[in-house]
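So, here come the structures, one by one.
One chain, subunit A, appears in both complexes that follow, with subunit B as partner in the first and subunit C in the second.
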Partner chain A sequence: MKALYPDIITTVGIIFLIILELFLPSFDLIGFLGFLISFISGVLAIKYSLAGYRFNEWLLDINAFSLFLKGVIYILTSFVIFSSVSFFKSKKTFLENVYTFLLISLGLSIMVSSKNLAVILSGLELASISMYISVGMLRDDYVSKEASFKYLVLGSMATAFFGIGSAFYIGATSHLGIISVSVNHNTAFALASLFLFIAFALKVSAAPFHFWTPDAYEGAPTSTTAFISTVPKIGFYAVIFLLASYIFPITNNFSYIVGIVGVISMFWGNLVAYAQNSAKRMLAYSSIGHAGYFLIGFSRYNPLSVSSTIFYVIVYAFATAGAFLVLSILEKNQSWTHDMNNYKALYKKSPFLAAALALFLFALIGIPPFATFVGKLGIFLGLVNSNAWFFAILFVIGSVIAAGYYLKLIVYMFFKEPVAEDNMSLSLNLFDTIGISAFLVAVFFFGIFPNVLFDIILKDMFHG
Partner chain B sequence: MASILNIAIFLPLVGAFIVSLFRNEWLTKVVSIAISGVVFALSVILLVNFNPNTHHFLYRTTVPWISSLGINYDVGLDGLGVSLFTLTALIFFTVFIWAIKVKEKPNLFYALFLILETTCLGTFSALDLFLFYLFWEGMLVPMYFIIGFWGHDRKIYAANKFFIYTFFGSLFLLLGLATMIVYGYFISGHISFEYDFHRHIAYPLWLQIILFVLFGIGFAVKVPMWPVHTWLPDAHVEAPTAGSVVLAGVLLKMGTFGFVRYSLPLFPQASKIFIPIMFMLSVIAIIYAAMMAISQTNIKKLIAYSSISHMGMVTLGTFALSVSAINGASYMMIAHGLSSAALFYAAGFIYDRFHSYEMSDLGGIAKYLPNFAILFMISGLASIGLPGFSGFVSEFLILLGTFKYFPMWAIVAGVGMVLGAAYFLYMYKNVMLESASLPESKIQKLQHTMDLELHHIIPFVLILFGAFIMGIMPYNFVNIVSQTSKLILGRF
Partner chain C sequence: MIETIASKLLVQNVSQYFILSFILLGIGLFGMMVRKNLITILMSLELALNSVNIAFVGIDRLNHLIDGEIFALFTIALAAAEAAVGLGIILSLFRLRKAENVNEIIDLKG
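Let's turn to the complex of A and B:
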């Protein structure tokens, strides 16, 4: 029963915040409480995960691994809330984004606590609907609303695919639980796998199901982008891991579909990113490219490759969220658009932000000693281990291509002279600095001591 | 003694922290020079105390690090390692002295070089594949910023090209490492990144070939071998003097070091199969780069091409697979590190004084800057292999070792070395001599140009003294690397 505490705390906390907002509409207070709720839940979840608690009643199946994922999701959420308060304050939005973030993380947390498709769907929808809302948070901004609507329409398609996939699944197996099933050469089952896979490929923005991503990520308030481009991924990939371990292997050669979607996504994202003039949109394409890496990691069911992929997703979330948060701090400046020209000689205006963003970008390239490098290495090991040479070589080529556009932004920030004298002042308050530093430290720390995360993942992941 | 090695590796990193914490220009320079001086002193202690009669790794430290992946913190030095370690420490020490008058962002400049020093020292002493790769890639970011910040006109292009080429090579190296580790896992049942562990595995031939190619791409880009050399002239021309010196003196050696440390002992049979290809590429590099050097009008580009040519000699010697050739190759890594560093210092000095690398803007310098003329001449002669300097010993050993089994290749390579004398003397003539035909305005300017200052002379003297010592007492130094060479050849 204790395994449920983190989610219960969050649920109660959300209700409390909604009521509190009526009486005390103070951003700092609500933001801080939101951070606290999420952080406490996260720490509790990690603690229970290490203690090996589990809860296996009703339709839930919470084990050490899902507690660990919940912990990461909640802690990451708390970090993002912490660093985004000042951004939302500057945008003069209402306070609902704090508990919208909490609702998203609660939905994700429910999603990873079950192996039943119905429960997964309910968690997925809670998270998704909250995400549509949080994307459209800037009411006066046309782009934000358009992004929200686009995301809603395409996101609902994912739900539809999930629904029809579940229908075929129940038809083929007569239950909704994702457990070891023995059906061979069953068309209904193959279709079920395909539709479920498409649903999640859409959610993780893998090409060719990515069309909502650039618009939604660009249109959303930047702090929200930092959140929705990272934290939900952890939950989604956890479900993909579930599918990859129980459902995909049953249909012959299904893993190739996963791998090929991954390859398409990697090349599409990384190549189209070159054409972008907006840093924010470029990072959106980068996350399409990364979806490719992760799907390639899941294209073979091999302990090393799937566990490294989960590790990679987690540290990638830290790096990307950090990068978007730097962007959000820059955006607090009213005249800031994310056009590359704005970034010219950024290091002169704010050495800290420029250095932080550069380090996050180097992390995304996958250079040691950043944690993403360990993820990349792990996926290489896994792919080679399962003789997926073809994918391994493509992975290398894709990674090299990706390096170019990250460097482009770094070049703009450090080596280009500013166009004209602009008196743009960048305000950097203490919260921003602490928030960004926390992400930086995480990206470094998990790179030098990856075993802190890796051991937990390896220990718990395959003993669900 | 083991702790000395660890201190020497990480002291510069500590220095980088101090420098970026205080951001005081004066303090930065004192700390950097002091730290690099201490590191150099420590490296000399390591070199002097090195026991040349063993092929084991000395000064070894092994600490478990990431146990679930079989990764240890594992450092130690063999003969080749300790030589390159000392070279690195020396080059960085001179770089910090040379750059003392850097005006633009001095704190960042020194911090980046300090980080770079740690990664270079680490690369030569890492005995764990993960650690090795960490240091190997770690040098990419500081070098990228050094070229990008303090470079010349086309610095962005050069920095990006450098980054992309090297990163491309490194990812193949990473794939190779992953393959090797997985094979080790298949046959032993546990994942291990230990170098020793992998050295004792006999890989099947097909796997050796794959691994040789994957590792080879990574190392070849760094050396650089023809045809992946094109980043080097750009990077050298655009980099600041200190950057060029480190690039030529230390970073290029990582590639050839990789061949000697990893490719040859780990994949002996594949290495044998690839001898003709490696020879072909090396000889093309020697001849083609020398021809390119002759046709340059930009002195820095000329020196860059001469580096490619010399590094071709090193790869030739490496794959000749005889003790004296590998000794020669190891020797040449050091010799070329010293002589090319001196030449790049000379080019940098010319640029500081005359703001141009183009021969047409220069000429007749020797008469007005005699001290510089002498040191430049000595550097050049050391580079083209005049007896009495280290370059001669190394070329001699390489040609000797190669001639034994591959006489034709040795002759062709020897011709390439003659070209070396041609391009250097041609450059010297154009840049330093011919004062008779100078226009009046230039003579005016030359008369008011200052000769070498103390912070120029110290680096020159240290480096040329090193080259001289190695030239007249070759036996002591060959002795240090020869156990490594013998051990490698024992695998064939």
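Let's turn to the complex of A and C:
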């Protein structure tokens, strides 16, 4: 029963915040309480995960691994809320932003705590519908609403695919639980795995299904982009891990479909990112490229590559959220448009922000001191171990291609002459500094001591 | 009398449920791609989501289960929530720019 406490605390907290907001509409208060609720739930979840609690009743199946994922989701949510309150205040967005973040994290937390497709769907949709709302949350801003509508249409298409996939699944197996099943060469089962995979490929923005991604990420308020591009990915890839362990291996050669979608996504995202003039869109395409890496990691059920993919998703979430949060701090300046030219000689205006963004971008390339390198290395070794040389080599080529556009932004920030008559001032308050530093420390720390995270993942992941 | 009419109205072959479900899903997805009006796109979306319910009911009749119908109830509730959010977004789009067609909302070039 104790394993349910983090979710109960968040649920009660959200209801409390909704009521409190009627009487005390203050961003500082709501933001601080939101941070506190989420942080407490996260720490509790990690604590219970280390104590090995589990709850396996009704339709829920909460084990140590899902408690660990919940903990990461809640703690990351609390960090993002902490460092985005000042952005929301400067943009005068709606106050609801704080608890839509909490609602998204609650939905993801429900999603990782069950192996039943109906419960997964309800958690997924709680998260997704809150995401559509939070994308359109920028007050009186047309682009934000347009992005929200596009995201809604394609996201709901994923829901329809998820539903039809579950229909095939129950048709082939007579139950809705994702557990070991024994069906041989069953067409309905193959279609079920295909549709479920398409639904999640749409949600994680893998390449043939990525069309909403750049628009939604560009139109959303930048701190919301920092949130929706990172935290939901942890939950989605946890479900893809379930599918990869129980459903994908049953159909012959299905792993090739996963791997090929991954390869297309990696090359499409990384190549189109070169053509972008806006740094925000460039990072959106970078997240399409990363969806490719993760899917390649799940294309073989090899313990090494699968566990390092989960590790990689978590540290990628820290690096990308940090990069988008730096962008959001820059955007508080009214004339900032995220065009590459705006970034010329950023280090002269704000050395801290330029250095932080550069470090996050180096982390996304996957350069050794950073944690993402460990994830990339693990996926590569796992693919080699399971003799998937084709995917392993393409994975390395794709990662090398990706380095160029991150370096392009770094060159703009450090080696280009500033644009003339440019007198914008960058304000940096204490909360921003603390938030960004926390993300930086996390990316460094897990890079130097990956075993802190990796041991927990390996201990719990395969004993669900 | 009523029972004979009811037995004639009931679908005899379960596969007909799936055919209907697929036709509706196809119409829904096709409508989302070709229709220009934003509200019509939302209607096509609802059609695609509701086709899932028919498939579940058919499977439950085939396998004598109840799980699928409960899943269908989940889907109905989700479709309602999605429609509410979608209409809200369309209203705010219209309020900000009088846009009601997809070829008017092309500021972002996906």
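Keep this in mind: the second predicted complex is superposed on the first by the 464 of 464 C-alpha atoms of A that agree within 3 Å, B and C clash if a C-alpha of one lies under 4 Å from a C-alpha of the other, contacts with A are read in each partner's own complex, and residues count from 1 in each chain.
By definition in this document, contacts are C-beta pairs under 8 Å (C-beta built on N, C-alpha and C of every residue); 3 or more make two chains touch, one makes a residue touch a chain.
Here the structure is a predicted model, which is why all the values come from computation and not from measurement.
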Given the touch rule stated above, what does A:337 touch, subunit B (first), subunit C (second), both, or neither? neither
Tell me which partner A:56 touches in the superposition: subunit B (first), subunit C (second), both or neither. neither
In the superposed arrangement, which partner chain does A:149 touch: subunit B (first), subunit C (second), both, or neither? second
By the touch definition at the top of the document, which applies to A:404: first (subunit B), second (subunit C), both, or neither? first
Residue contacts with subunit A in the superposition, subunit B compared against subunit C: C
With both complexes superposed on chain A, which partner does A:252 reach: first (subunit B), second (subunit C), both or neither? neither
Tell me the contact category for A:175 with respect to subunit B and subunit C: first, second, both or neither. second
Could you say whether A:429 touches subunit B, subunit C, both of them, or neither, answering first, second, both or neither? neither
Between subunit B and subunit C, which residues of subunit A are contacted by each of them? none
Enumerate the contact residues on subunit C facing subunit A in the complex. 21, 25, 28-29, 32, 38, 41-42, 45, 48-49, 51-52, 55-56, 59, 62-63, 65, 67-68, 70-71, 74-75, 78, 81-82, 85-86, 89-90, 92-93, 96-97, 105, 107-110
Could you pull out which subunit B residues touch subunit A in their complex? 65-69, 130, 133-134, 137-138, 140-141, 145, 148-149, 155-156, 159-160, 163-164, 167-168, 171-172, 174-175, 177-179, 181-182, 185, 191
What part of subunit A is in contact with subunit B in the complex they form? 362, 365, 367-369, 373, 376-377, 380-381, 383-385, 392-393, 396, 399-400, 403-404, 407, 411, 414-416, 449-451, 454-455, 458
Contacting residues of subunit A [partner subunit C, same complex]: 117-118, 121-122, 125, 129, 132-133, 136, 140, 142-143, 145-150, 152-153, 156-157, 159-160, 163-164, 166-167, 170-171, 174-176, 211-215, 218-219
